[in-house]
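Read through the structures below before going on.
Here chain A shows up in two complexes: once beside chain B, once beside chain C.
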Partner chain A sequence: MSNVFIAFQVNEESRPVVDAILADNPNATAVYSPGLVKIDAPNSLVIKRESIEEQLGQRYDLQQMQVNLVTLSGHIDEDDDQFTLSWNH
Partner chain B sequence: MTVDLQAREIQPLRNTFSHVARYVGDDKPATRYQEATFGAQATSNFHYRPTWDPEYELFDASRSKVVLADWYVLKDPRQFYYGTWTMARARQQDAMESSYQFVESRDLINKMPDDLRDKVCQVIIPLRHVAWGGNMNNCMIAAYGYGTAFTAPASLHAMDELGVAQYITRLGLALDEPSVLDAGKEAWLKAPQWQALRHLVEDSFVVRDPFEIFVAQNLAIDGLLYPLIFGHFIDDHVALNGGTAVSMLSAFMVEWHEESNRWVDAVVKTAAAESEANKTLINEWTHAWSKRMHDALVPIAQMALGDKGASTLEDVFTQFQARCKKLGLSA
Partner chain C sequence: MDTTVKHPAMNRNQRTQALTHDLAWQVSQPDAVFPARSLEGIRIHDWSALRQPLQPSVEQYWKVQGDKDKRLYAITDAFAQNNGQLGLSDARFANAIKLLLQAFSPIEYSAHRACARAARQLGLTTVAFQAADHLRHNQLEIHATSHFNKYFNGMHSYTEWFDHHWMLSVAKSYADDLLSAGPFEVMVAMAVGYNPVICNTLYVSYMSAAADNGDMSTSSAGLTAQSDKVRHQAAGLAWVEFLVQQDPANVPLVQAWIDKWFWRSVRLSSLVGVMQDYMLPFHSHSWQEIWTTYVQQPLQQIFETWKPLGLTLPSNWAQACEQQAHVSHQTWLRLCRYSAGLPLHVWAPNASALDWLSQKYPGTFDAMFRPHLMGLAHQIAHGQRPQETTAPVLCGTCQLPVPGMAGSAALAQAKNLQGRCFCSLPCQHIFNLDADKHSAQAASSAQRHSWALPASQAADGGLFDGSQDEHNFEEWNGGAQHP
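On to the complex of A and B.
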């Protein structure tokens, strides 16, 4: 088992994304360091547009997340509704 | 010489203001919406009662017959405060500008049949005055209502209503000569089809209860008008008969109505759920105002959709009642 992770800048725009990830992935843990939040999760991590919209109360395009995205690891499976990180090997 | 750079983490002592923390806790930073909303209502030390209305304090929850233990329960699901609201509207304005550019550059208005264009002007232009009424009424809610969670979105909503009035004006100017606006006002003041609606809008101006006017304007008046006019008339009837351009130029109204309904529904649902007394009151208001609005729309539906007008209006009314039922009302 290995971890995937994704890291965002800590700001108003990324907060609903982080909250949505933590709500959707019970095994994920967020580590805050100055200016940065890194979310680790064993094996896979999913980001759902719907959950972010719920947090935000407004429509959200998953690509908006790229603005605050710092780094990630894992293979990406992405469409309009979700963004999944996992290891495919 | 080597310079050793180290990041040092400084933990903030508090995550938010204490008046916000009272509502959301201090375990994590509050959102901008929460900070702009919770605890912002002035509640005490008013010293003097207003000379123009000495029965009440300057800000007084008892101006409404609806009783809530805490008016901050009326949260806006869109989480609008000035910042998010202006950004959302700016995006929509950009979209509208490009629609106008598209329609104008291809001269789509002149490709519409003349009688259809006249019909659109006849039905849509007087609605500027209805939208302006919506602006007045939401200003009233913002001024005399209680609790920032309730009054702040109302003032944004008031500006939105004004925006709709402006979009209708602009649509009129795109469709015809500026005199079309005067003709619309004449019709609003004198044409028999509009008098019931005008009477209704003008009666709404003298309602003194901010929550009643919320129900009347945002739930009943707009809740019936928008689906009928911008849904059935523009998007179905006009668009199918060669007026797609009009549909493009009124896209904001449809989008905005759908979006702001989420706020209206949340407010009504929460207030009605708090007590039986509230529910009874809101029910009565919804029933009375939607009935009147329905009757006022009969001649307008007839004018807009002809023979199909009456049955379309009944459909709209049935859907409205289903919406009210979902909110816990029995209208």
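On to the complex of A and C.
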């Protein structure tokens, strides 16, 4: 089993994204270090627009995520509704 | 009467495809428009097969980049207005900022130029965005560190030092190698060298640690720079896959670039190693831990998925991984030995720093490095600090000092060999792949030997103990009556 990860700057814009990821990926864990939150998940991790919108109470474009994105590992599969990281190729 | 036909909505990837990939315009003479596409031996049969993950439209690009900069400059302004320099963990930490500015910011500028050229030569919008990103990174690092330049030595002449100082020759030669590479190679170098080895360590973990040491300015600049580099990384991996899938003849060429640029990046990353292990008064993760989490494990995964494509881990992989238990200590001891002529300050780590290193590097630190660092502390305490005045012999490829070659006799020997002295077998191998190009670089390194910090810049170098930086920082914090 191999981990994928994604990291964001810690701020009020990224908090609902992190909360949505942790809710949608029960196996994911968040590790905080100063200014940075890194989320690890075994095999794959999915980020859903709808879940972020529920957290935010307003519309969200997954492109906005890039403002606070710091790094990630895994192959990316993305469309308007979700963003998936995995090592399945 | 016309009826409106409603098309199903396209998702973002389909829109990008529709907007950018088919203008119903076929270039009748692609070789004339893109002559550099045929110079490196890479064979491409179908450019439309190139996937470009995370690629924004131009409109989205400006919007997202504008949002990033608004956030960043609000932070750097607040930091400056609040006299953020007083809140640094210690004035020693300023030396990490100096090294970032001296060694890595100029590489960003070179990457900007290399990508701007590659974008034109290959005809790729993603690469044009990347070129603009690297210029942004260069500029925001200069802006974020400019506040410190008002208060600390060692930053004012960083471009001059980058061009001339032997300590920064490792970074300068890396940038020059990138600038003189063909466009296919440049993009592979970014994908398998610069991004995964340098950016994923320097702009992630180190920047987080910088925040912990009170430097919100550089930290925010680094983290937001990295948000662009994620895009480069995703596009870069797709680039490597595209090249090897286009033609089996591309595989050995790409593998050779992987071997070369991974190794060059590993050698350069020794500077990130000292920043992480020695220049952070509030310790964070060790360099080796960061290497494992952000370089070794992700690259292992990537190369696992690349096996079916015929690509393997870099030929020097095992050697690179093994080095990481030693490299930061060796680099720091070397900087201390040549402290008199460096454009930054060095010091002997205190007892708690030594204990931390010993805990982080079980098996190597106590046996190999602690005695030397304790000896150094003793020398400094007794006014016998090392005063090496001659620059060391530099490796013909990576431009880091060659172990065991120092002093005027060694320099004369290196001159006879026309710079063909190497720190390691991988460096010798890289040199031989393109001996003409690297010989030219080795020749310019001879000029660097004769260059020294001007006397007017004496306050920029030497030991931290007794430096103007140390004195000022104590005075400000004593005088400012902080709670």
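As a working rule, the second predicted complex is superposed on the first by the 88 of 89 C-alpha atoms of A that agree within 3 Å, B and C clash if a C-alpha of one lies under 4 Å from a C-alpha of the other, contacts with A are read in each partner's own complex, and residues count from 1 in each chain.
Quick note on the criterion: a contact is a pair of C-beta atoms (placed from the backbone, for glycine too) under 8 Å apart; a residue touches a chain by one contact, two chains touch by 3 or more.
Keep in mind it's a predicted model, so treat the numbers as computed, not measured.
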Joint occupancy of chain A by chain B and chain C, clash or fit: clash
Touching partner for A:15 - first (chain B), second (chain C), both, neither: first
Winner by number of chain A residues touched, once chain B and chain C are compared: C
Contacts of A:75 with chain B and chain C, given as first, second, both or neither: second
First (chain B), second (chain C), both or neither touched by A:63: second
Partner chain(s) touched by A:87 [first = chain B, second = chain C, both, neither]: second
Partner chain(s) touched by A:34 [first = chain B, second = chain C, both, neither]: both
Colliding region between chain C and chain B, picked from 4-12, 202-210 or 256-264 after the shared-chain fit: 4-12
Contact residues common to both interfaces of chain A (with chain B and with chain C): 33-34
Complex contact set, residues of chain A against chain C: 2-3, 7, 9, 11, 33-36, 63-64, 66-76, 78-81, 87, 89
Complex contact set, residues of chain C against chain A: 11-13, 53-54, 56, 60, 64, 67-68, 71, 200, 203-205, 207-209, 211-212, 216, 219-220, 223-224, 226-227, 229-231, 233-234, 237, 284, 294, 297-298, 301, 304-305
Complex contacts: residues of chain A adjacent to chain B: 12, 15, 33-34, 56-58
Of chain B, residues touching chain A in the complex: 7-10, 29, 31-33, 76-80, 84, 88
